[in-house]
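What follows is one structure encoded as structure tokens, with my remarks underneath.
As written, the chain order gives the labels A, B, C, D, E and F, with residue 1 at the start of each chain.
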């Protein structure tokens, strides 16, 4: 697992440069709650037919930051984006919430700050 | 007049609803229909249609989003009907007990007649449960059974009047007549 | 003399109606219509042998004059309205007509000949046509015309009846030609009555298409005079030589034109832009009924090849028109195509020519007229009272007006189901064709066409009917009052339909049980059950997979690719050519 | 008298056929299957159930479907006009279709639509069948057909076409798209419940009676042959049911219309020439 | 298609695969993971099982009538809810005296009906346990 | 004049075992638009794994994310923890893990195939496959004590050993299953009604498979070479005879064939394992508390399953992230429905073998 830290503003460009859809398989977008109300967002890729070659691009950001969308580059990321919106209560460009949670569910269950 | 009650237990048609289970019990229900266990021996037909069903097989601990559907389907089933909770998580919440998006067990919403334990409930247990349900079905009256709890007001608030409520109200009126 | 009365009285009525005010006009019209109905009924009852009436000589001169006038008018209209087809056909007709006048036939007969068929046609024309006129009284009031134009509309309808009465009485093909062109003229005026762009275009289309029929008649006249020395139907048919059927075939083509068979169907569909009573009168009682009438007249002369080919073409059109109708969404258009289909069926039945087939054809003519009038009434009501034109919009009409739904239902049922007349006729059609297959296996095709066509028609009707029941999600039940001028004529037609069931007994086709039992069982028993069972039934909402979102319901539509439509037209034209060339050979 | 009895018992006989068929189907799938009387248990239970209605038209039309079908069967037993019987049967199907359309349920609508389309496919074959019997027996009367000797050989092609109609009418694979439990939850019948569903359920039994009584017409006055024919057909239909998947509506129409109509036409033309 | 036709035909004359359960009972393998059983005498009240159980189907609750076992100093009573248990066997693996104090038998659990108060009784216990 | 109708499929529907809602926008019965809601089964497992359960119990909890590939879930989690704890699992345990994993794949694929047939209206085939599947279920019960929830994997190894005679019994059953599967292959390729229902229906092209990041049998049916068993080294797949199965058509039929071939391949692997189960301990005791991050991928029956675990040296974990196979295929399958006939929708859906249970967690 190779992890590369990127600044939030650059993430789309970085992924655009890196992502070759015939070479890399997009796994998912992952969020990890950090201390001090910070959030780590990871974009995870694996290489086709390579032994354990997983590439993780990640950013550290605040919950109120607008996370840029990669749907232009990776159409199937749309559903992962919706998921992190639901689970962390963040905003992602061009995606709406409501994948899992009802109005009276616990909102943003995985975010560090809600607890 | 001869009693029709005894025929209820010879022709139990089932409706299956998954209220958030892990599929483990669902595939065991499917396995019950398979040649080895063959529930059709008891006259069971999996109708998939609440209006023609007698036994309501529910699996899963009732997630928030399935609460409404659970009650909707329940009220669409004609009396007499029997509710069977299949699997530990359906009876009491099982391993999902206390998770934030589940209610612990379906009997918080609707009256359950038979609880089948097991995770996953094995086909034999499910058959045991269905046989148990048949006896209960025979004894039941045609009195309307009302869900314990309706889903939160939030749906009515938005101008969509909940269908279940209207169904229930009409049912009540009918009883008065 | 009742016949003469039937021809002349409407002209007189028309003149009276022209100058009156609304209430007087309405009363007069109702009285006149009643008179006509009574007279035609008397004529029918007292009828026993064919009546021949000779006409004075000056009569012919008037006709020749009128004819030329009419053709010139057509020509002029073509020039003014810049439609070259119209002028062209008018010109051809003028020339051909001149040729006809130059030729002198030697065998003479009487000009007016009223037989059994004619007296039945009188009934249809005067009673059904009359009811349509009554219906039109109210309808025309809601149009945006001047007083005079409204009255003129009623007057025109009366005139139309007169012409129709005449056309089914005449024995002279020359006179027939004039009257034929006169109906064309009326349809032209009536279709263009709203004077807007599409009306005019469609009227012109109807004009030139119908003139093709005129040309065919004139050609038939020429051939008939040169070959058989006569201009009279009865003589022509009596002397007919099976080897030389050209005049008959030409007349048949004229019938196809009037009957709007594919490929001449465009004009009738175009006629939809006219006020609905026009459609009603064109489709049910008048105009198009000339086609089967003419066929019936020619039936004895048809034989072998012509008979089979005409039957095949007719049944083919029956089948394809029903198929085409399935892909339509405009209520009147659906009715129109089903008219075309049924007319084609009538024509082919007439062409088969066996007594049962002819009987079937007559039953079909009568009951089709009643049912179609009824349905067009409803189309008019939908348009005027509900502002609905498309089948897809009539969702849940039953919540607004059960009466209209009832009428539509009866209308469609009478076109498809036992024990109503049209069903009986179709039944007879199949029976008579089954008898014929043994003589000519090609009738098997005709049979399959009929079988398929009637299934398609049933499908079509019920496709519409189902929409009536389907409740729209957000429809609020609001009842709409419907004028008695609309409902009473409809009700009368329904009564006719019900009375008509007696026909089924009369024909000895089905046993009494077969007619009565289903009616009772289907209508009464379920109602009893329903009232018993509904007491303890609970109402619930529909099953929707446990969800409760709104659902969108709309009908299946059948998409008819362009190439299939083309193929149908080409096949039909080919059929006509085969008919003509086959006869020439 | 015996006819009256038969008319009265027709649904029950159909019920037995249905029950037997359920056992046979289960055995073909290597299962034990329900008891023979299962359809009757179902029926008695349905009477006992609380009845739900969606709207009155819907329920009435369902009941009318049942009664019309019963009348159809009665007329067959009484030996009436075959063509008429076929048209009346069409009427009963139309009631069902209307019932399907009279509710606001999408599955019901799709089911009705499919039922309509299926009608296009099989009605012409039935009509041709009637015509063919007419050509052979000189009458549309079923009693006449039953008095004459077996006509299966001259009508062999139509018999094959009719074999294709049976699965459509009895809702069996591969031609059961009108009911399609897994897609549209039974189609037309989805909104019926309790007693009202029972009418539909019993209509299914009558449908069995209808189909098999048309089938034995092929055997004419030969009773033994009739029984053999019915058993043979029963077996074939069930075997095919257990060896095929449900095909789509458009395939159904294509197959039945092209093959069925061609067979029927060939047979009719053949009859005309012979 | 013809093979399946043939298969259907042969099946028709074969004995069906169906086991006529419940008339003919099905023997459970000795390793079947069924009910958790408890031997009060051998328990040492270490509460490891309670801690290990993922859904919390074992509860030791104070009662007035505790067992005679001298290890039971706090007066606890073992409670087990088969309708909550997921039959994972983790408690048995956690137990220091498996097969004596706690073991997983191959018995099927029983089906309960409404009168058995599967949930409400247990809720009481849970409340007691918390307090 | 084109009017569309909305046809719902779910959340409760006879052809669905799980609640998922599709709303098909159809012209006649041709699908022109799809709207889906997959969140019905959301229970909150991810959060519960970090707040309610200690790290050693989480394995049993995540198994209940999905009943069909429970073993893969518990294994993925366990391997992730083992990486954090630096536990080296014995070879025997690895072999047994693969055995269970492949048995699970076989029964899951059989279930999927039978369900696809059922959705295509072929009840007899459903019964046939379900009947034969019982053989596998019996094996599983024999090995683990439960038919569905195996609870077989423990941190450091497996919970139960396998005896010689069980192994022999299993080999016999597997032989029977193999014969049956060969029979299915014949049926799926030669039955005309199935080919009408399956061939050319619901096709996903190779390029689309790449674009939508398809995984599992879905991707392999389109010719995309992706199989995590080929990309990992924590399990000895290579030496057990794993072969990747691919097809080029991408339609339902291709997916079925892929599944059938995978069953054959899995059967072969199981036989290889049973032929030579190595000697050794089945479980290694672990020490310490997990700390650090690890990311583990496994091939579940439906494709790649990913676990991301972050520990902080206490008994409670910081984060458990489960990326499930069906979740990744959702964009691909909303796309495939476009332009298909509604009558095919249940079969297409079943051929994806979706498991919403894990999708929503």
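Just so it is clear, a residue touches a chain if its C-beta (ideal position, glycine included) is under 8 Å from a C-beta of that chain, and two chains touch if they have at least 3 such contacts.
Owing to the predicted nature of the structure, the values given are computational and were not obtained by experimental measurement.
Trainee: Please report the minimal path length, in steps, between subunit C and subunit E on the chain touch graph.
Mentor: The fewest touching-chain steps linking subunit C to subunit E number 2.
Trainee: Could you run down the chains that neighbour subunit C and subunit F together?
Mentor: Looking at subunit F and subunit C together, the chains touching each of them are B, D.
Trainee: Chains shared as neighbours by subunit A and subunit F?
Mentor: The common neighbours are B.
Trainee: State the pair of chains with the top count of C-beta pairs in contact.
Mentor: More C-beta pairs are in contact between C-D than between any other chains.
Trainee: Please identify which chain has its centre, taken as the mean of its CA atoms, farthest from the centre of subunit E.
Mentor: C
Trainee: Among all chains, which one's averaged Cα position is nearest the averaged Cα position of every protein chain shown?
Mentor: Answer by centroid distance: D.
Trainee: Using CA atom averages as chain centres, what separation in Å is found between subunit B and subunit C?
Mentor: 59
Trainee: Using mean CA coordinates as chain centres, what's the subunit D-subunit E distance in Å?
Mentor: 52
Trainee: Quick check: how many Å separate the C-alpha centres of subunit A and subunit C?
Mentor: Chain centres of subunit A and subunit C, defined by C-alpha means, are spaced 70 Å apart.
Trainee: Please compute the C-alpha centroid of subunit A, do the same for subunit E, then give the distance between them in whole Å.
Mentor: Distance between chain centres: 42 Å.
Trainee: At which residue positions does subunit F touch at least two other chains?
Mentor: Answer for subunit F, listing residues that touch two or more other chains: 5-6, 8, 11-15, 39, 42, 44, 47, 60-61, 64, 124-125, 127-128, 131, 146, 149, 191-193, 360.
Trainee: Mind pulling the subunit A residues that touch 2 or more other chains?
Mentor: Subunit A, residues with two or more chain partners: 100-101, 105-106, 109.
Trainee: Give me the residues of subunit D that touch two or more other chains.
Mentor: In subunit D, 26, 28-33, 50-52, 106, 109, 181, 185, 190-191, 194, 242-244 touch at least two other chains.
Trainee: In the complex formed with subunit A, which residues of subunit B make contact?
Mentor: These residues of subunit B touch subunit A: 64-65, 100-101, 152, 154.
Trainee: For subunit F, which residues are in contact with subunit B within the complex?
Mentor: So the residues of subunit F in touch with subunit B come to 11-19, 39-45, 47-48, 52, 60-61, 64-68, 70, 111, 115, 127, 130-131, 133-134, 137, 146-149, 355, 357, 360.
Trainee: Can you list the residues on subunit E that touch subunit F in the complex?
Mentor: Listed in rising order, the residues are 1, 3-4, 7-8, 17, 29, 31-33, 52, 54, 86-90, 93, 104.
Trainee: How about subunit F: which of its residues touch subunit E in the complex?
Mentor: It is residues 53, 56-57, 60-61, 64, 124-125, 128, 131, 141-142, 144-146, 149, 151, 154, 159-160, 183, 186-187, 190-193 of subunit F that touch subunit E.
Trainee: Which positions of subunit D touch subunit C when the two form their complex?
Mentor: Per the stated touch rule, the residues are 50-57, 59-60, 63-64, 67-68, 70-71, 74-75, 78, 80-81, 83-84, 87-88, 90-91, 94, 97-98, 101-109, 112-113, 116-117, 119-120, 123-124, 127-128, 130-131, 134-135, 140, 185, 190-191, 194-196, 261, 264-265, 268-269, 271-273.
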